[in-house]
Each structure stands twice: as structure tokens, then as C-alpha cells.
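Pasting the structures here.
Both complexes below contain chain A, partnered by chain B and then by chain C.
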Partner chain A sequence: MEITNEQMERYSRQIILQGVGGKGQKKLLQAKILIIGTGGLGSPASMYLAAAGIGTIGLVDFDNVDLSNLQRQIVHSTNDIGRPKVLSAKESITAINPDVDVVTYQKIVNAGNLKNIIKDRDYDFILDCTDNFPVKFLINDACVLLQKPFSHAGILGFKGQTMTYVPGRGPCYRCVFQTPPPSDAVPSCKQAGVLGVLGGIIGTLQATEAIKYILGLGNLLTGYLLIYDALTMDFRKVKLSRNKKCAVCGEKPTITKLIDYEQPKCEAKR
Partner chain B sequence: MSIKADDFVDITDVVCPVTFVKAKMGIEELEDGQILEVKLNEGEPLLNVPRSFKDEGHKVIEVNDNGDGTFTVFVEKSGL
Partner chain C sequence: MNITLNGKIVFLDKKMMVDELLKVTKAQTPEYVTVQINNEFIDKADFGITPINEGDTVEYLYFMGGGQ
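Entry: the complex of A and B
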């Protein structure tokens, strides 16, 4: 593929970077990234990835835009209330950068469809931008079973966390958190609230990891959980090890196909 | 012109910051030690493009005034 003069101008600030260049920009333009969840985390992640020139972006979300989403889900606008989030997000992304091929999946991800969604365009990197534990474990297991790298993240209240899984390069999410917590043990964003900027900070970190992975630059958050506290303004990097007894990526895995955990009743949606 | 270039790029058709972007993409395709010939406009491109090449470790080996408001610069990849 050839980079046009217009693309040289659009991406000039990153092509100029040492370690990126035209070759790196071509890698980005040929990359395929799947974003599961177009909410607080998925909004900034999808917008920055689109702006950076990721060639194919898949968006998964079954939900419609709600007024209460707009405090943090910046890819959607007031005019989009009631519309499918994947369509609203696709419009925003295309407006930012028409170079991007946006693929939409208006679905609730489950054990029956997740692998097929990932395989649909053979995505290179996956972003877990979801808001509930059952789906987070589902995404982890699917990525381990398909040997796909992904970025995990979660935000709640004034805190957020993220880690990156790359096959063969450190622990998976299940190595660290063996099973989902009981469905009533953890409040959801709806019950506990979340500072809108948390999605911006952590979702943008996820986009950063995806871009670095595609470019092969720097160090990823493999083997680390990064925890951010907006109130104390601390970024803490906790070192993590692989669990040889991990049920999905360990030496003798007991999970060989995907499991649907029960969703908390009031949050039976992505 | 005594220097034999391995590749040539004309950046007189673009303006900053695309000037160096285009020049950088030209030198990427070369092997270390090979020479890129760059045609550029006097003024801002002549001031900045050779300097940016040096910053990235490439050696500017010759600069010729073409007498028509353009210059031709020869750069050796990773020559510094």
C-alpha cells in the first residue's frame, strides 16, 4: 500500500516519530482492532484509534444511547439518544477519520458468539471495554483460547485499572482473578457511580497499548496491573506472575470452551 | 553532481510538516550506507529537513543550490 500526500499530512505528527515512520503508519492502516463495549472506556479508545489511522475497527455493543451515558461516553452525542451505540460510534469515528473501515456488531457477547466475532475479521488486538465481570472473563478466555492479545480494563468510582495479555508473555486475567465475584458482591457503575474522566484516562491507556502492540514499540502492561486512583493521583504498577494452575492458560487447563456466567440481575446487559 | 544516489525524493510539492514526513519515508526504504537525493525548496525546508535528518542519525553529505529556488541534498542513511 502507498501512503498518499493527504495521509502524510493527516498522520504527519506520528510518522515523524522515531520508531513509527511510514512503515509504522502502514502497519496501523493495515491493523484490525476489536473494541468490545462502546461506553466509558470504548468511547475514547475508539476515537483515538480511529484518529491514529487503525484501518479496521470492530465495535461490539447491543445497547442504545441513554441520556445517563453522556456524562462519560464521549463518542455519543445528545442527538444520538435512543440510537444503537454501534451506529452512533461508527458515525463519530467516520467523521474523525474516513480512512477507517468500521465493522459493527449490535450483539450481546456470549459464549456462543464471541469467538466468531473475533474470527470475523481475524482481529489483531482486542480491547475489553465492558462493564461487568462475566463478560470480562468471557473475553479473557476467548482470547486465551484463540491466542489473541487483549487489553483488560475496568473503572468504578474514582479508580481504574488495566492490564495487557499477550499469549506466551505473562499472565492472563484469570491467572490474577480466578473467577468472577458473586454477582451481588460488587456494585456496578450504575449503583456506585463513576467519574467520567476515568474512562478517558484508562480507555486512552488501552488505545496506547493497542498502538504500541501494532507498532512493536516499547513495553506493554504484560505481567503488570496498572491501578489509577484519581483522588490521590497515584498510578501504581503491580507486578503479576503467571499462574501455572490457571484454569484457562495454565499447564493443565480445565476450561477448554467458553462459559457464560450469570449476569447480575439489574445489570443483565453489557 | 558527482554523488550517485540510490533513490530520489522530491519534496518541493509539499509544505511543513509533510516535507520531512515525505523525506523520512524516502530514506526508510534504503539500507544503511545508501544515499538519498532530496530536492527541496529554499527557506524553511532547507533549514529544517537536513537538521531533522541529522537528528535521526543520517549524514548530510552534500548540498547543492540549483539556482531556481530549490536545493538538492544528498543524505547517507545512518551515516552519523
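Entry: the complex of A and C
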């Protein structure tokens, strides 16, 4: 593929970067990234990835836009209330950059469909932008089993955290958090609230990791959990080791296929 | 003795196991906290028998579920 003059101008600010260049821009234009969840984290992540010229962006979300989403889910607008989030997000990111091929999956992710969604376009990198533990563990296990890199993230209150899994290069999410907590044992955003900018900060970090992975630049958050506290403005990088007893990536894995954990009732219908 | 807990120096007036440390440092939802000592994950089943030693680097890692 050749970069057109228009693309040359559109991406000029990143093409001039050392380590990117025309070659790197081509990699981005040929990259395929899957974003699961088009809410607080998925909104900024999808917009920046589209703007950067990621060739194919898959969006997964079963939900419709609700008025209470708009405080943080900036890919959706007031006019989109009641519309499927994947369609609203597709329109926004296509308006930012018509170069992007947006693939939508208006589905609830489960053990039966997740591997097929990832394999649909053979995505290069996956972003976990979901809001519940059953799906977070599902995404982790699917990525470990399919040997796909992914970025995990969570936000709550005034805090957020993120880590990156790359097969064979560090711990997975389950190495750290062995199994989902019982529903309602730990607070959710709906119960505890969240400052809208947290999605912007952490979701943009996830997009940064995806771009670095595609370009092969710098150091990823593999083997680290980055924890951000908006009140103290502390970013802490906690070093993580692999867990030999991990049920999915450890020495004797007991998880060889995906498991549907029960979803908290208040969130399942969202 | 002094330990480093979540990046901060914390003084403990006596020796204790992980489960007691979680209590005295008022960890939130202690039954769902992942504990790392000097970069090693501690099994939850071993919280009552794993001692904290002078100079240990202890991390509490919390579930953070939101995103939408």
C-alpha cells in the first residue's frame, strides 16, 4: 500500500516522529484493533486510535446510549440517546477519520462468542474497556488462550489502573486477580460513581499501549500495573511477577476453555 | 520496624502476619485484596502464616471494575 498525499498531510505530525515515519504509519493503517466496550474508556481510546489512522477498529457493545453516559462517554452525543452505542461510536469516529474501517458487534460478550469476535478479523491487539469482572476475566482468558496481546483497565471513583498483557512477556490479569469477586462484593461505578476524566486518562493510556505495540516502540506496561490517583496526582507503576499457579497462564493451567461467570444483576441489563 | 506499603514508608510497632497487617492498615475489602511482598504474590490461604519482615515492600492490589 502507498500513503496518499492527503494521508501524508493528515498524519504529518506523527510521521515526522522518530520511530514512526512512513513505515510506521503504514503499520498503523494496516493494524486491526478490537475495543470491547464503547463507554468511559472505549470512547477516548476509539477516538484517538481512529485519529491516528488505525486501519480497522472493531467495536463491541450491546447497549444503547443513556443520558447518564454522557458525563464521560465522549464518543456519544446528546442526539444519540437511545441509539445503539456501536452505531453512535462508528459515526463519531468515521467523522474524525474516514480512512478507518469500523466493524461493529452489537452483542453481549460471552464464552460462546468472544473467541469468534477476536478471530473475525484476526485482531492484532485488544482493549478491555468493559465495566464488569466476569467480562474482564473472559477477555483475559480468551487473549491468553488465543495468544493475543491486550490492555486491561478499570476506573472507579477518582482512581484508575491499567496493565498490558503480551503472550510470553509477563503476567496476565488472572495472575494478579485469581478469580472474579462475588457480585456486589466490591463497588462498581454505578454504585460508587466515577469522575468522567478518568476514562479519558486511562482510556488514552490504553490507546497509547496499542499504538506502541503496533509500532514496536518503547516499553509496554507488561509486568506492571499502573495505578493513577486523580486526587493526589500520583502515578504508581507496581512491578508484577508472573504467577506460576495462574489458572490460565501458569505451569499447570486448569482453564482451557472460556467460562461464563454470573454477571451482577444491576449491570447485566445495562 | 519499617516497611514500604504501596510506595509509602509505614512503621509497625511489632511483627505480624499478612492478615493482621491488612487489619491494622485498614485495607478496603481485605478479603478481595491481592498482596505482593517483595514482588511475590502471597496466596490468600497463606495470609495467616506469612510474616511481614523489616524492610519488606508490600503492595495491596485492588479490584477496579469500572470502565463504562
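Miscellaneous remarks
Operating definition for what follows: the second predicted complex is superposed on the first by the 268 of 270 C-alpha atoms of A that agree within 3 Å, B and C clash if a C-alpha of one lies under 4 Å from a C-alpha of the other, contacts with A are read in each partner's own complex, and residues count from 1 in each chain.
Methods note: contacts are C-beta pairs under 8 Å (C-beta built on N, C-alpha and C of every residue); 3 or more make two chains touch, one makes a residue touch a chain.
The shown structure was predicted, so the numbers you read here are calculated from the model rather than taken from an experiment.
Using the contact criterion defined above for the overlaid structures, shared-chain residue A:Gln161 touches chain C, although it does not reach chain B. Judged by the touch definition given at the top, the superposed model places A:Glu9 against chain B, while chain C stays out of reach. Legend: residue contacts after superposition of the two complexes on their common chain; A:Lys252 is shown touching neither chain B nor chain C. In the superposed model, C is the one of chain B and chain C that contacts more residues of chain A.
Legend: residue contacts after superposition of the two complexes on their common chain; A:Asp128 is shown touching chain C, with no touch to chain B. Of the two partner chains, chain B is the only one touched by A:Gly22; chain C is not.
In the superposed model, A:Lys136 lies in contact with chain C only, and not with chain B.
Residues 3, 5, 8-9, 11-13, 15-16, 18, 21-23 of chain A touch chain B in their complex.
The residues of chain C lying in touch with chain A in their complex are 6-7, 29, 31-32, 34, 36, 39-41, 43, 59, 61-68.
On the chain A side of its complex with chain C, the touching residues are 37, 39-42, 63, 69, 73, 128-133, 136, 153-156, 159-161, 175-178, 181, 185-189, 192, 194, 199, 225, 234, 236, 238-241, 243, 245, 270.
Contact residues of chain B toward chain A in the complex are 13-14, 17-18, 20-22, 24-25, 28, 52, 56.
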